[in-house]
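In the part that follows, the structures are each spelled out as structure tokens.
Here come two complexes built around chain A, the first alongside chain B, the second alongside chain C.
Our next item is the complex of A and B:
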């Protein structure tokens, strides 16, 4: 294997067409062969743009002004055709739907190989080995759209892997995956890296997984590289993370809080769960943390109720099996479960987009099926997972105000609602901008604003924090909390369990089309067996809390840190277990 | 390494230190500088819009499809040649999938290509001037041929003929006169409002040339009664306004979106 670096970026700057400021600013970066590099930064930092320079899509496909040079295996990406670069650089996007084009799983993997003109026998062999590597061999003849989100992501990965590239770029690869599927994907990355020597560039906000897997973390901010180091160096730098709107792994936060409380020494904190559990041995014994559950008052009749709802799709898949559920006015409910657990099917029943095969759905005690989708839209606002499927107006303002047109409100009232929604989502500055000129995170906020203007009683958010950085996620969740405080009923479906303490009050755990548990958030997060049964991993804070004390019910790093007593004056415990002088 | 000179500063004062590179789409999968993917997408759009009928065109014997409003748009988005391929392919697929709007298949496909070629020439400056000149000859020949056959061979009164097609005569005038460049400048300008005006007038012009040419050939084949020309006088302007309106509405949205998404512009694109 050559010692020459695999990728070299030299003073790379890039302006998108008509953009007045660059997306990348004088980026210098060298990636050796076989390295797993995590590229992190806030929304709009330039992560995706940098990824797209690696296979020539930027600037060849997007146009604009390009400065400097990117070389992959010695090839200049401005001078090489994209199809040739594609054989060296595999790309897997955030939403696998956007890159799956074939009618069967095996054809999908074969597609790029056929375009490279490889012999049929070679293609067959590579398809077989790539599908085996991602454990999709038994689905070879299925249609890609019949796979779950996690399986689709693995299929896109297999299609990239079959090219036997030197480098695979994964752009936000796990934002739509449940925690178990995300862990599996990162395990696959590590395994492919070890067995095939493939280098990876991975973007995203999955701090815990990146800290476990990456060899190196590069922080991008405003199109510049502002930090470059090992995961334990980067994720332990609280100042840097705050500046870049990044969240450290929860275990790192726990030790940062412990250091603040004087329980352990400040400095290098563990960034991996295993290291953190080992470091617990050096800390004073934790007290059990079990605060009393707050008593949530239930206000009369449920606003939405499911009674023994079953749903069987035409292909025979039973997506819901006897689901019974009450959502009360003023509820803030979190729905969790693995990909394919029935969450999306359940949401579609709440919106009358699907009718139960058996059982019934009620709104204020009356059958929901009697209401049209349009009538329901005024009462139940739905914020879908992928904002791009909902956006079609030429400006942010027009998009946000579109749903008000059929309501024929007085112009002043329409303007008031639009202004309020734009202000709530911090979109006022983008009022006249085309939605597709915004980052994906901002586009998600546009869609939320478009739902908010309807002032619905119930708001249903499907993965609202996908693709958002720490600040963006918190802004959206803070907004849900404000809406909840104003009396709205909130339902959130998300895989980002670590974000929900402090927001949701109740968790509905789904698995195999059934409601496995409907309990207060703390109880649900610590129902480890139930979570395991639906392939959900507990958050790092919960896992560490249980490792610290079997009876601990701490939910957040702060709560966990509170369960430790400060050691005697003058003694500080190092995270590795040694004691030192204060 | 091809470079194009010293870097220039951004408004915030950032000056790239790397050399500026010449940016072009160098992959082989392109038609006259337009990525094949774009051509396929627009052909699909044309095919889908072929399903939607608008009104009865007595001369062609079938309803006209919504796609007629976007044939010119393919010319502005892809350039004349790639636009013609997209339009023609979409119209051909549409003719099989939606025969209720197709009329004579070869004429529909040819007309779709002609509209895209004309629109691609509705460009600022001297771009595609040779093609524009050739199409101007076609545009001027069509009404002469049509009128000659109607008036001299079939005895239709000249008044009835002139009365039927002022819409298309205006369209041809907009195409052959320097207004062609003016319309192109409106479409390619940054102002979306002026761009919408340009799209309306441009669709009017390009689709008008298409309709006049198609009508001339159809009439030569079918020789419809002279009385119908009076009926056309009422119907043709309405239909043509609808086509132009479709071109303006769809075109404004698509061009605004494409500009915002910052995808690479095909070499011959006018927007």
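Our next item is the complex of A and C:
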């Protein structure tokens, strides 16, 4: 194998057509063969743009102004046609829906190979080995859309792998996957890197998985590389993380908190769960941590209730099986479960978009089916995952007011509600701006304001933090907390379990169309067997807490750090387990 | 995952296993023969045959019902126009004078402009034939396309020397349109979730709401189209015909038999229609 670097970016700057600000500024980057590089940064930092320079889509497809040079295996990505570069650089995108272009699994893997004009026998051999590598061989004749989200991403990976490229780029590959599917994909990356020596560039906000898998982390901010180092170096730099809106892996946070409390030495903290568990051996023994659970505010009748609800889709899929559930006024409930567990179907029943095949859904004790979707919308506000489907108007103000038109309120009352919603979402400055001129995070806030303006009693958030960076996620979740404090009932569906302590009070764990557990958040997060049964992994903080003490019920890095006593004066423990002088 | 896709039929039948080129031969034969059969008895028999074939190969009944619903106003229009207005042509076909046709309905003389207009039995009968032929031709599309795996369809057309770029655009639209329809459905659902009771609105209000839907749908479609374009480029797609295929598309004996039988039926049908007047309206 050649010692020459696989990828070289020299002083790369790039402006999208009509853009005033560059998406990339003076980027210099060298990626050796066989390296797994994590490209991290806040939303809009230029991660996707940088990825697209690697296969020539930027600037060849998008146009714009491009400066500098990108070389992959010696080929200049501006000079080589994109379809030739595709043989060297495999791409896996975020959205399985648009990246699968064929009507069968095997044809999906074969598509790029056919375009390259490989002999049929060679294509067959590569399809077979790629599908075997991602464990999809038995689905070769299925339609890609019949696969789960995790399987679809593995299929996209297989299609890239079949090219036998030098480099595979994965752009936010797990943002729509449940934790188990995300882990499987990252395991596949590590395995492929080991067995085939393929280099990877991976973008995303999944700090824990990136830290586990990557050899190197590059931080982009405003189109510039602001840091470049090993995962333990990057994730230990609290200042850098704060500046770039990044969240470290939870285990790293635990050791940062321990260092602050003087339990262990400050410095390089473990970034991988396995290393962190090993490092526990050098710490004082943890105390069991089990704070009393706060009381649920359960007042009288549930506002929403499901009684033995079953739902069978026309194709025979039983999505809900005897679901019984009460949601009370003032609840903040989290619904979790693997993809296909029945969460979306459950939400659709709460919104009357689907009717139960058996059983009933009640609102304030009366059948919910008696109300139309539109009537119900005034009581139950729904914030979808994709805000762009909710935007119809030319200004933020008009968009927020659009929901009030059917209510036929007096103009003064409408104006009052619009002002209040814009204020709550900090959108007053954007009142006259077109919603599509805002960032995705801000568009999500516009949609929340448009729901809030109807003053619904219940707010349902469907994957509100998908595609959001740390600051965007926190901003949305902080808002849910404010709304909850103001008396609203909140329901959140998310895969991002680590973000929810401090917000949700109750977790409903779903699996196979059933409610497997309905318990306070702490109890649910520590119900490891139940989580396992629906293919959910515990958060790193929970896993580390249980490794620290079997009776620990800590939920967050802070709580876990609190369960350790400071060692005797003058003795600090290094995270690696060695002792050192203070 | 509940993702929309172009309608396909999962059931494996003798017909669905045929190569697309063989199906195309059957399609062309029935089109040619059907075009010559203006007699409603022949046209309806052909329609019944194609309808039975559609059910037999597993075209879902809701889809067939939808087609019937969409075509029903067209059918009424055919009966109406041919019944009332196509007198000269119909009379020529049955070999009588225009005023020799059998009246079915006569509008009262006192009616302004249309008073005294007459709907004829022969005109209605002829209109029935036209409708049956049109519906038969329309049913041939799902019969041949839905029973063919999209990848096989592409391969079949490429082997027929249709330029790959055109074939790809065709097959992509099969994939893209369901996504657009899903986008429209999702946006309309969103409107309902914003408190707009579309089912309770008057026509004008609905039009206003639909006009607003255009914004996110068009933006969504453009965004998706661009995403798909980037994906295709990343998968080495260049539209070049110099590409290879995972599967071979050799015609099997059953395909050759179907093509040969189609050719014979087509020839015999044309001969019988031209020389014997078989299937011609008013021939007996």
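By our rule, the second predicted complex is superposed on the first by the 515 of 582 C-alpha atoms of A that agree within 3 Å, B and C clash if a C-alpha of one lies under 4 Å from a C-alpha of the other, contacts with A are read in each partner's own complex, and residues count from 1 in each chain.
In this text, a residue touches a chain if its C-beta (ideal position, glycine included) is under 8 Å from a C-beta of that chain, and two chains touch if they have at least 3 such contacts.
On a predicted model such as this, the values are computed, not experimentally measured, just so you know.
In the three-chain model built by superposing on chain A, chain B and chain C fit together without any clash. Contacts of A:436 after superposition on the shared chain: both chain B and chain C are touched. When the two complexes are overlaid on their common chain A, residue A:334 makes contact with neither chain B nor chain C. Contacts of A:161 after superposition on the shared chain: neither chain B nor chain C is touched.
Here the vertex is the CA centre of chain A, and the angle it makes with the centres of chain B and chain C is 40 degrees, a multiple of 10.
Put simply, more of the residues of chain A are touched by C, taking chain B and chain C as the two choices. Applying the stated contact rule after C-alpha superposition, one finds that A:87 touches chain C and leaves chain B untouched.
In the superposition on chain A, A:66 makes contact with chain B only, while chain C stays out of contact range. Once chain A of one complex is fitted onto chain A of the other, the partner contacts of A:10 are limited to chain B, with no touch recorded for chain C.
After overlaying the two complexes on the shared chain, residue contacts for A:21 are found with chain B alone; chain C is out of touch.
Of the two partner chains placed by superposition, only chain C is touched by A:112; chain B is not. For the pair chain B and chain C, the minimum alpha-carbon spacing after aligning on chain A is 5 Å. Shared contact residues on chain A (touching chain B in one structure, chain C in the other): 61, 81-83, 392, 436. By the touch rule above, chain A contacts chain C in their complex via residues 52, 55, 57, 61, 81-84, 86-87, 89, 91, 93, 95, 97-99, 101-104, 106-107, 110-120, 123-124, 127, 143, 145-149, 152, 159, 163, 313, 340, 351, 353, 372-375, 377-378, 382, 384, 388-393, 402-403, 405-407, 436, 450-451, 454. Residue ranges of chain C in contact with chain A, taken from their complex: 1-3, 5, 8, 149-151, 172, 175, 179, 183, 186-187, 189-200, 212-213, 215-216, 219-220, 223-224, 227-238, 240, 242-248. Those residues of chain A whose C-beta lies close enough to touch chain B in the complex are 10-13, 15-22, 25-26, 59-69, 76, 78-83, 392, 394, 433-437.
Chain B meets chain A in the complex at residues 1-2, 7, 10-12, 14, 16-29, 35, 192, 252-253, 256-257, 259-265.
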